[in-house]
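What follows is a set of structures to go through.
Both complexes shown next keep chain A, but they swap its partner, so chain B is in the first and chain C is in the second.
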Partner chain A sequence: MIKLIVDTLLSQVRTLWLVFMKLFQKKDTVEYPDQQPYMFPRWRGRIILSRDPDGEERCVACNLCAVACPVDCIALQKGEMEDGRWYPEFFRINFSRCIMCGFCEEACPTNAIQLTPDFEMAEYVRQDMVWEKEDLLINGTGKYHDYNFYRVAGKKIEGKDKGEALNEAAPVDVRSLLP
Partner chain B sequence: MNLEIGSPLTVGLILFAVIITGALLITVERRLLGFWQERLGPNRVGWFGSLQVVADMIKIFTKEDWIPPFADRFSFVIAPGIIMSVVLLSFAVIPFAPNIGVIDSNIGVLFVLAMASLGAYSVMLGGLSSDNKYALLGSLRAAAQMVSYEVFMGISLLGVVALAGSFNLREIVEAQADGWYIIPQFIGFVIFLIAGVAESHRLPFDIPEAEQEICAGYHTEYSGMKFGMFFVAEYVGLVLISSLITVLFFGGWLGPTFLPPIIWFAIKAFGFIAFFILMRAAVPRPRYDQLMTYGWLFLLPLSLVNLLVTGVIILSTQ
Partner chain C sequence: MAKIVIDGIEYEANPNNNLLQECLSQGLDLPYFCWHPCMGSVGACRQCAVKQYRDADDKDGLLVMACMTPASEGSIISVQDPQAKDMRERVIESLMISHPHDCPVCEEGGECHLQDMTLMSGHNYRRYDKKKVTHRNQYLGPFINHEMNRCITCYRCVRFYDDYAGGTDLSAQASHHHTYFGRHEEGVLESEFSGNLVEVCPTGVFTDKAFSSNYARKWDLQTAPSVCTGCAIGCNTTPGERYGSLRRIVNRYNSEINGYFICDRGRFGFDYVNNEERIEAPLAKKEGELAVVPTDELQSAIETFQGSGVIGIASPRASNESNFALRCLVGDENFYSGVSDAEHEATQLILSLAKDSAFHAPSVREIELADAVIVVGEDVTNVAPRVALALRQSVRNKAKELAEDCNIPQWQDAAVRELAQHDRSPLAILSSYATRLDDIASDIVIDSPTEIANIAAAVANRISGNAPAASSDDSSVAQIAAQLSEAKRPLVIAGSTSGSVNHIQAAANIARALNEKRGAVIDLCLLVPEVNTIGMSLLVSERNSLGTALEKISNGQTKKAIVLENDLYRRAAKQKIDEAFQKVEMLVIDQLPSATTAKASLVLPSTSFSEQESTYVNYEGRAQLSFQVHRNHAAALPAWRWLSDQQSGDIESLINRCAEEAKNFDKLDDLLPDLNQFVAGMKIPRQSHRYSGRTAMKANLNVHEPKQPVDDQSIMSFSMEGIPATKDSSVLGAAWSPAWNSNQSISKFQEEINGDLKQGHVGELLIERNEIGSYLSVDQQPNNSNGGLQVAVAYQIFGSDELSAKSKTIQHRMTDAYVALSPKDAESLDLNQGDNVSLDGDGNIAIACIRSKMKQGTVAVYCGDNDIDRHALGATIVLSKVAEAKMKHGIQGLIVSDLYEDGY
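Coming up: the complex of A and B.
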């Protein structure tokens, strides 16, 4: 009985002492706005639209990202340039819906849409969370520096006929195969 | 500046200092709790968070002061006032320094105990008039806790009173000139410390307002400055208990003469305030029945034995 009482009291004193010594320990708090965390390059944050090495928009308005998006936050409209390239007339991402899942990046056949390590996207007005193409487009190539869709794809545009793309064989003239 | 006991200047200064200390403690406690939990606590407002109290006050003053339609208006409104005035009244008898104090009363100890008992009314009225099950449970617990703790809180002080031969707090301090009462009355000190924690509803004995069990207990329905009164009164009560321990067991203003007496008093009292905050950071809350059993079956007999032994020693040495 006496031992129990003494042990209980000493245990309380020990608790108090151990907690008091925490005063001199390093604190666990990360003082976030002053002390920025390291963001990993493949972090899935704010979405951007990249350009190809020639400085043209990569997006070909194929709508695959909008289809893949589980929350339907991407909206776009196809347009066509005079030289035959496709481009989005508007490209709109509603970041108040976006869940940063990265499915759009996986779906994109031209590496146009990419996720970046930026996560500081708070806004005071909800409408400001809707980003248009001008806001999304960057002046660089993003994660893939050499990729240019029109240079490797078989799509015919002005100045590049069928079969002239990189690693592409000339189209087979089906009539010449006739016996 | 001519300070003497009971002059309007002294009274005003004491009132001001006590309320400011109570308000500042909100910040101090949050900072210290943070340090003891390996956090930093609020450090963004002002220099190292020193202006946090201003932000808290602005917030609490601009909140809606809402009285629930189902509450009993009269007692709902006076309950926070009672605890605030009762706690502040207790400071009337505390001797801060030889020339600083409100009154020099020869029933000081009794006055403090009486005021502490009156504080129970506030908690009970607040919980009862809220007409809320959590508030009612909280005030029920508060009442039971007060009943069981005030008994041996008083008895634990009788040893000190017997040694000093006076109920006057000022004379009790002066009687400690040759030795603080912490040494002859160590058990009395421990019991009074525990009772003081229970009296000021601090963790680990904050059973009347246990957040995890009954919301916020008796002040569940309070908002705005009425809640603020309960809140600040709790901190002022903390200052009161720390001052009382300083006066009764640690020689009040007595100390080496290189610092003025009031500074010694403040240092000692702040040490106990920090200890109370440390207890909040470290010690878990006991169950309700454990608290009652512990109080009635262990601390009450212990305080009676302490009083008996003190009496025997005083009589035998005369």
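Coming up: the complex of A and C.
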């Protein structure tokens, strides 16, 4: 019984001591917003649409981000350019629903949709949380610098004929008799 | 039944089938590519490898292709055997060697059989680091997109297109890894069934071009079970909607009707639903112009058309419910047929024959079973395309018979075809012009409509002397009569579209003669042109033809008329209609503006087939229920709702009332799904369980999402929630099953492969056969008196149907009105191919189309999209050449086998 009382008292004194000692340690909290925290590059914040190294829109409107989204907050419509590229006619993210899970980025086969370290997305008007393609599309490659989907895909676009993609042989001449 | 053991479990199997089919029938997952339930096996892809053991003691076993091995008694196989699994994985790895990295930009993605099978067999990493083989694509017309790189050479496309559908312009070219599937040169795919390539191809080589320009993934489409409204066959379809517009139509399996395939009119002819010309709001005529009616004045405007003395004109393209609601409103005696008088007469004859116990109206599946066929005067391919595809299968019954004699199983597709070579079951075609089925016909008679009736009557007389005598010196009469008499299951086809009642009379006599001779019920297939011609005609009393209605108007007996979804300028001569319209005040209910709506004093917008729940009756008298797929267009309402009290009543109570009150419709309410099978009031979702974008698609309008629209009319809901179709296929929109995202998942919903859907509904046959009929006298039409050319009416699959002709995709394939005539007639009239000609000199202009197989003295007139007033044409016409006139399409798109080349 006496041992229990002594132990309890000692424990409380020790706790007080530990807390007191924190006064002399480096602070974990920062003076935000005067002081900006370091955000890791793969932090899952504001979603952007990126461009490929040639400066063209990376998104091909395959709809995989939309279907992967657990809160169904992405809506888009496929269109097709004159040159054969698929692109989103509109691309809308309702950030008031988004949970920043990053599934869309994982699903994206062209590295178009990416999450960025920006988390400052608060708005006074809720309607402003709905972002369209104009708001999402950036003029850069984002985190992935080299990938260009159409260089590996078999689909012909202007400036890349059949057989000119990565690892492709020249188109077959169907009428040739040679093996 | 045979007992077979699969992975240690015993199953009952049909020994006439192969192992693959039996595995799938049992619900097991076994990957395959080249096998198709409707096309049998060729063993081309080697994907369905399984281990087969000699007996219970055999521990080693042998790898066999399941699709090429019969499910014979005592078979012991293993699907899960590691060696078999490894083989399947290696096979798919080799098939994928040159497959491009295209899935994100491929229209097939998400419903791709290749994706499913790759996942199922476990191949996931590309080891081959050499170059991929590539191909150049071809332009294949407005319907089909070609992306040859994606091909895995399963040969399904040519097996469907050439072997099954009789196409001639798609072939396998080159060899080994250069194999190419395409045309000999770029151009429009000619077959009327080319759209099925989209569904037959296991990957994305052939995709739907119209869908691609307005694309959505399969999981994003809002779907419901629907019925095609393109013709009277009533094929089952699944339309898909996204963001408020109808995106595409795919086939929906129905074991009795369309099976796995529909025609291109049905697949591509829906676009009018999205037409920007759709009537958006109620319009009333004010100072000669149609203007939108203010909401508060609408009710009183409609009420002016209620009360006694108002007549109602029905429509063969409106649902039973809309026609019935109109009949209830105006009363039986004021309810008039909405088809031309000639067609009314023919349809009434068809209905009386439909009650005759000597005959049976065959379903499309039953047509495939016929082993001798005679077609009297109908251009089946252009009027009822799906029946033409069935006839192509019926002539193969000879091959099947030969195979049976040689003990070759029917699923050995290549062997059965090789054995039979060009041996076919007899198909006799009596027509006024060469048809698209001539390549498989045993006897072709091309003559004037009058003479065709004569020849058919002579065939009947030849089969049984009791049939009315007819004189015909045609040499093929004896042979056709003999073929039909000897056949196990003969079939007689005629219909109302040829425009001659005597064709139906003669055809009925042939069937009756066969019935008399054989003492068995004979298949008599009588075709009508529009989706609900039979349903409407069952509701209209026989004496209430359109002609009597017009007469009543002209006499001043009635001042007001309600016209239901009908452009009357297509139903009677323009002059007659114009006269009548001057004397009557009209309420017209329709989807699109027409010549008739322009003359109306009140126009109400009605919903299209995909915006309403409704029933239609097909050519056999089979009623089918079609569900609403998406929300109504603007202020459009189902026509029945405009016609009945707008506030109360739902479609189910109307169907029940129709079943109670309308003669012959007593089985209509059996179509309604049984609500008791749905627990806790849960509905069936129209949206897939992975429907995307719910919280974003309307967020641009308002971030506060609207409530999902509630459908209190139907057992289906506009939502993802509810009991999905996987548990209850009686209401099966888009087929989907775990691991089976493509349309091949349909096997999971069938009792057995090619069998009925598990809880499926194939429709209800409405007309009871309890009358005993007798031979009909075949009317003789007046002979050629004024020295003109005898007229036969021609149809086109793309253009003859009023609504699908408003679809942009279909318009790419339409032709202008033309007059087909023989080279000799053309020479005597000094006409060249493509010249413009005037018909009877009355302003009707058509293009001269010289066809080498036309009978001299007969012309076939195709009226275009009502460009020529068909009802003003007499039995004979005089043609005269006119100077160039402005034409929309020309006749370049015309696909016939006998275009006269000289000078073209």
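The rule we apply is simple: the second predicted complex is superposed on the first by the 139 of 179 C-alpha atoms of A that agree within 3 Å, B and C clash if a C-alpha of one lies under 4 Å from a C-alpha of the other, contacts with A are read in each partner's own complex, and residues count from 1 in each chain.
By definition in this document, a residue touches a chain if its C-beta (ideal position, glycine included) is under 8 Å from a C-beta of that chain, and two chains touch if they have at least 3 such contacts.
Since this is a predicted model, take the numbers as computed values, not measurements.
Looking at the superposed arrangement, the partner reaching more residues of chain A, out of chain B and chain C, is C. Once chain A of one complex is fitted onto chain A of the other, the partner contacts of A:71 are limited to chain C, with no touch recorded for chain B.
Once the two complexes are overlaid on the shared chain, A:93 sits against chain C while remaining clear of chain B. Once the two complexes are laid over each other on the shared chain, residue contacts for A:122 go to neither chain B nor chain C. Applying the stated contact rule after C-alpha superposition, one finds that A:4 touches neither chain B nor chain C. When the two structures are aligned on the shared chain, A:20 is found in touch with chain B, with no touch to chain C.
Of the two partner chains placed by superposition, only chain C is touched by A:168; chain B is not. Those residues of chain C that touch chain A in the shared complex are 100-105, 109-110, 129-137, 147, 149-150, 173-174, 176, 178, 180, 182, 212-213, 215-217, 219-220, 243, 690-697, 699-700, 702-704. Residues of chain A touching chain B in their complex: 12, 15-16, 18-20, 22-23, 25-29, 31. Interface residues of chain A facing chain C in the complex, by the touch rule stated above, are 60, 62-64, 66-67, 69, 71-78, 80, 86, 92-94, 96-97, 109-110, 126-127, 129-130, 132, 149, 152-156, 162-163, 165, 167-172, 174-176, 179.
Within the complex formed with chain A, the chain B residues making contact are 35-40, 278-279, 281-283.
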